[in-house]
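As written, the chains take the letters A, B, C, D, E and F, and residue 1 is the first residue of each chain.
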Amino acid sequence: DFLNALYEVRPAFGASTDDLERCRLNGMVDCGSRHEHIYKRTMLLAEQVRVSKGSPLVTCLLEGPSGSGKTAMSATIGIDSDFPYVKIISAESMIGLSESSKCAQIVKVFEDAYKSPLSIIILDDIERLLEYVAIGPRFSNLISQTLLVLLKRLPPKGKNVLVIGTTSEVAFLDSIGICDAFAVTYHVPKLKTEDARKVLQQLKVFSEDDIDAAAEALNDMPIKKLYMVVEMAAQGEQGGGAEAIYSGKAKIGISHFYDCLQDIVRY
Amino acid sequence: DFLNALYEVRPAFGASTDDLERCRLNGMVDCGSRHEHIYKRTMLLAEQVRVSKGSPLVTCLLEGPSGSGKTAMSATIGIDSDFPYVKIISAESMIGLSESSKCAQIVKVFEDAYKSPLSIIILDDIERLLEYVAIGPRFSNLISQTLLVLLKRLPPKGKNVLVIGTTSEVAFLDSIGICDAFAVTYHVPKLKTEDARKVLQQLKVFSEDDIDAAAEALNDMPIKKLYMVVEMAAQGEQGGGAEAIYSGKAKIGISHFYDCLQDIVRY
Amino acid sequence: DFLNALYEVRPAFGASTDDLERCRLNGMVDCGSRHEHIYKRTMLLAEQVRVSKGSPLVTCLLEGPSGSGKTAMSATIGIDSDFPYVKIISAESMIGLSESSKCAQIVKVFEDAYKSPLSIIILDDIERLLEYVAIGPRFSNLISQTLLVLLKRLPPKGKNVLVIGTTSEVAFLDSIGICDAFAVTYHVPKLKTEDARKVLQQLKVFSEDDIDAAAEALNDMPIKKLYMVVEMAAQGEQGGGAEAIYSGKAKIGISHFYDCLQDIVRY
Amino acid sequence: DFLNALYEVRPAFGASTDDLERCRLNGMVDCGSRHEHIYKRTMLLAEQVRVSKGSPLVTCLLEGPSGSGKTAMSATIGIDSDFPYVKIISAESMIGLSESSKCAQIVKVFEDAYKSPLSIIILDDIERLLEYVAIGPRFSNLISQTLLVLLKRLPPKGKNVLVIGTTSEVAFLDSIGICDAFAVTYHVPKLKTEDARKVLQQLKVFSEDDIDAAAEALNDMPIKKLYMVVEMAAQGEQGGGAEAIYSGKAKIGISHFYDCLQDIVRY
Amino acid sequence: DFLNALYEVRPAFGASTDDLERCRLNGMVDCGSRHEHIYKRTMLLAEQVRVSKGSPLVTCLLEGPSGSGKTAMSATIGIDSDFPYVKIISAESMIGLSESSKCAQIVKVFEDAYKSPLSIIILDDIERLLEYVAIGPRFSNLISQTLLVLLKRLPPKGKNVLVIGTTSEVAFLDSIGICDAFAVTYHVPKLKTEDARKVLQQLKVFSEDDIDAAAEALNDMPIKKLYMVVEMAAQGEQGGGAEAIYSGKAKIGISHFYDCLQDIVRY
Amino acid sequence: DFLNALYEVRPAFGASTDDLERCRLNGMVDCGSRHEHIYKRTMLLAEQVRVSKGSPLVTCLLEGPSGSGKTAMSATIGIDSDFPYVKIISAESMIGLSESSKCAQIVKVFEDAYKSPLSIIILDDIERLLEYVAIGPRFSNLISQTLLVLLKRLPPKGKNVLVIGTTSEVAFLDSIGICDAFAVTYHVPKLKTEDARKVLQQLKVFSEDDIDAAAEALNDMPIKKLYMVVEMAAQGEQGGGAEAIYSGKAKIGISHFYDCLQDIVRY
């Protein structure tokens, strides 16, 4: 079953730069020193992999709350590293597949990577790859065993691999031993007021006077949700206001912005 | 298995305006400001989807007690939005199918939507799609994983989608992370006395003198059950009275109305 | 699998008046006002279905202790309503079938009903249809999901359906949300002393002097067990006495009657 | 699967008088009034079935500790009733069969019985038919549902059936509702000292002087184990003594008898 | 599946005297009165089976800690009884088989035994036959049901069988009712100091002066581990010393013996 | 299924010296007396197997925290023993196989070993072979039963086998009885400060002045992680520094070393 699944894997599988770009739909803005630090350290790991002899496999986990920028960050490392082989493994391209087909897909990406001297493999949203649900909890042990082995198995001589994982369920991953299987772990945080202010200054959708208030209201917000609420608010109370805002002809009304924020934040 | 299931999906699948109309068998009456507010905000989301560039996928959950009007509300948004593609995904059309066939049906609707520039997908009674039962609890993890991914997966460039979910088991959905997967959540409430009075005034089945008493008795009743109890009562104690009531020749007797109410409300 | 099962369903499936008659092997005697009341109200629901426009589906649950007369009552409604289509869905005719075959059988009955302008469907002993067992508890979620959907799905335009369910495990049905899926619920009780006396007077197997004592002893007995104990007692201590009793030539000895009662009632 | 299984059932299946005789390998001795009483009452039920019109199905459960004589008792009723169709359903003849094959076997026996005007069906060791094990507990719900339905389903007109069940796990059967499915239940007890004395007097393997002491030691022993310990003791301390004892040339030594008793009774 | 499995069972299956001999690789030495007593009583049961008329099936369980000599003991009974048919059923010869194949193997041995007038069947390491693991606990209910039935099913007329079971998980076996299914149970113990001394005197690998100290250290050791630690110690600190010890040219150093003992005993 | 799997096992399966060498990618350095002691005792067991007559099977478990050097140690024993047959059984070569295929692979290695007069079998990372995950806990009982039997089954006459297991989940293995199945168990520890100092002196990547501080910081670190952190640190703060360090032209900066240590050690 698994072997069949393995052969059926279409050769077209894999991530092009286009796929990676699609992972950061809103681009990359400066959102504070903590994000910056993680970016630098992970680029250094890519560097280590490039030159390493003794440790042909380096593994690194980016964990943090939903929407904090983990996927965009890993895609950016993938793009900036200039490695010949960069693939993202995501549940999106495996909807409805059986556990063993998913395993086969994952193994295939690693086998392909072993053919390139330098590779980056992104395991995006590991809890989703594992079909994790908090009740039970339930998850695919077949896939978790596969990851546990792949995160430890050495590539063939002369092939070096960097594996980057992302997750917003770090406690669960820890409980099944997947955190320990990564050599290094970084926490990707939500924005603090000062981070949010930086981002808003780059977006230019608030009047100068409102930026501080808006940033204050966005304290402890993940970067992804910040984009969502800004777009809702740009719409205006009656709809149809977005164009004016984004072209700079108008600014978002702060009180409507507060309203939108309430719909998004659940009490 | 899943792939087979995917191909077997009949092209005829999908919801016509007829299907949407059938979701509001008793029409739409004014039932108070809280229902009104939700309708307006959700229409605004449809507007945002129509013009959005940065966020091609907007998701919104309508949750509330059984019979509070969630399905009728989403069908109404679907009709009023005038989007070229509006589909309702409901357990009714998938009775007895295997989990993977259901997944295939659901995925098919999303794939079809991705072909239209503007789409609305209604996930009706999500707990029923998930085959949820409180004991255990049990539910289909295959389907819940599929929804979790679909609620996050971006449509292709230039295609915008609004997903509206409905549920009367919001606590369960929350416990498996499906609430968090929606960007916005609105609570559709039962009727208060004043809402019920408004509805009864439009129905004209009580004499002026009884309306207040009847509305009082209907406090905290969902709109759907209000219609049921009114029809039972219109029947009369000996049967055969409905025609007279609905043609306006007679009014419902208030004490028989109380009796019917007791059969419907479980102690 | 389910689809196959659906097609395999023999056309001969369904309940004739004979089947309904067999559900009340001991006929219908007057057993008190509470049984009477339920009969009348349920007949009224049948009436409502006959004339309804706004609510083409009415659902009603008869719940009560084992042997209290639920099945006989629904069969009687089915017979007395004179609806063109009356079917009883019971575990008896589905012994040993797989869950999905049972589902297919059930769905088939509903589909058939949708072809008749007026139908009554009796879901007899729902806990048995669900393969319920208290330990675990275990039950068929496939069947329970099917029932939950069928109890809510509207028949096509112009077709009206009354669904009557029976159960002696109302707490379980409640815990999986099936009670809430019925619009109306009635409790079918055991007999009180005065109900039992009424029944005994109609049976004429006791001497006038013993009837009060016997009725007293039968307090809190379900009607079905009453028939069982009377037949055991009619047999006599040495056997062979039944004919004399039923022909009226002899009466049941009250002390032997007490003995038989003890074998039947578990301490 | 089940249907296939049903057809595969060999016509040769069923119990001859030989099978029934094999169920009471040590014959039937008088072992006290309590056993006697149960025998008489159950024979009376057979009588009732023979003449009954109103209740074509009578069901009776014999429960009691392991080895107390339940199987031998039911076989004896089967033989003494002189009914044309008597079958014993036992796990022995279904070792290793799948649950659905077992169901098919059981259903087949009932279907066969429905062809005879008078039948007795013995469900021997119901917990074993159900594949019950205390840990979990685990058991076959498929089989338990089948029994629950069969114990309630009426035979066709003119066919009367007595079902006798045996079990030594009455608490378990109660917990899954099988006890309630039987109309009558009798408890088959272990022997008391006076019962044991009666049995020993019939066996004649002790000297008159030892009988009282031996009976005392056998207080609270099931009849089946009494036979086992007597045979062990008859062997003698060095072996080879059995022939002399059974031919009446020697008697069992009381102290060796005590030793054997200790090996059999677990502390 | 089971039936297929039954036919596939190779006729060559079964235990020759060679197999039985292999079960006592270190021979049988005198290891104290408690082992002796069990041997004698079990041989007496074999005797009873040889002559019995009333009880054609006798069953006996040897339980005790891991390595206490249960398997060697049963093999010895098998050899010494001189019965025409002696078979050992062990998990070793069924590695990796499915539950139903294992059942078929087990049933086959019993069926074969029924063809011989006198048989001994050894169910070795019952917990392993049941695929028991303490976590859960998990085990094969299919196999446990099979054993429960086989331990009670009478052989055909004129065929007598002695079944000997062994286990080191008596508490588990008790919890699933398998202990009760055996007529007699014996506890095979670890060695006490005086038992160990007896064994060491027969082995002659210690100098007279050390025997007492060594025996003392071996208190509460199972006979099988005694052999292991003696062999380790005989090796010497630098290896290569075994030949000299076993040929009697040298003796085991007591302090090195203590060291080895520590590696074997877990704290 | 299992039998098929057994035949499908490719003959090429097995470990060459190359495979064993790959298990100690960083070679073997002196890392303190505790590692040394285990190495010597395990070599002695290999010696015992070489000459043994009475115990043809010796089993030994190396347990200890993740990365403490268990796999490298067993590979080294395998190489240094000079046995004709040395195989490593590891989850790496069985990714995605079904439980029964894995069993077949494992059994095959033992069957192959039985053909050689002297063999070493390494069961590497037993918890991974068992597909163990702490939640539940879940694991393959099929594989655990197979191991339990194989660890006890004697090789054929004249064939001697040493089995070495490794695990970092000794508590779990204990709970399912696998620890008890090994004759001897050794604990492979993390490094203490003095062990780490020894290793660093051999690596020569710190200046003399820093070695003590570095060793101090590495107290309680497994040998494998020590290599990882040293390589990260050798990279330097800006990357590109590794070559200079390993060629001896530069030394690792102690403060950068502390930084790297923090990324690796999770709080």
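What we mean here is this: contacts are C-beta pairs under 8 Å (C-beta built on N, C-alpha and C of every residue); 3 or more make two chains touch, one makes a residue touch a chain.
Since the structure is predicted, the reported quantities are computational estimates derived from the model, not experimental observations.
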_If you apply the touch rule, which chains end up adjacent to both chain B and chain E?_
none
*Within the chain touch network, how many edges lie on the shortest path between chain C and chain F?*
3
*Interface numbering overlap (same over half, different under half) for chain E and chain F*: different
*Just curious, how far off is chain C from chain A if you go by their C-alpha centres, in Å?*
58
_Chain centre separation in whole Å, for chain C relative to chain B (CA means)_ = 34
*From chain B, moving on to its ring neighbour chain C, which chains come in turn until the ring closes?*
B, C, D, E, F, A
*Can you list the residues on chain F that touch chain E in the complex?*
1-2, 6, 41, 44-45, 47-48, 51-52, 54-55, 100, 103-104, 107, 137, 139, 141-142, 144-146, 148-150, 152-154, 175-177, 179-180, 183-186
*asked:* So in the complex, the part of chain E that touches chain F is made up of which residues?
replied: 22, 25-26, 66, 91-92, 95-98, 128, 131, 133-135, 138, 227-228, 231-232, 235, 239-240, 242-243, 263-264, 266
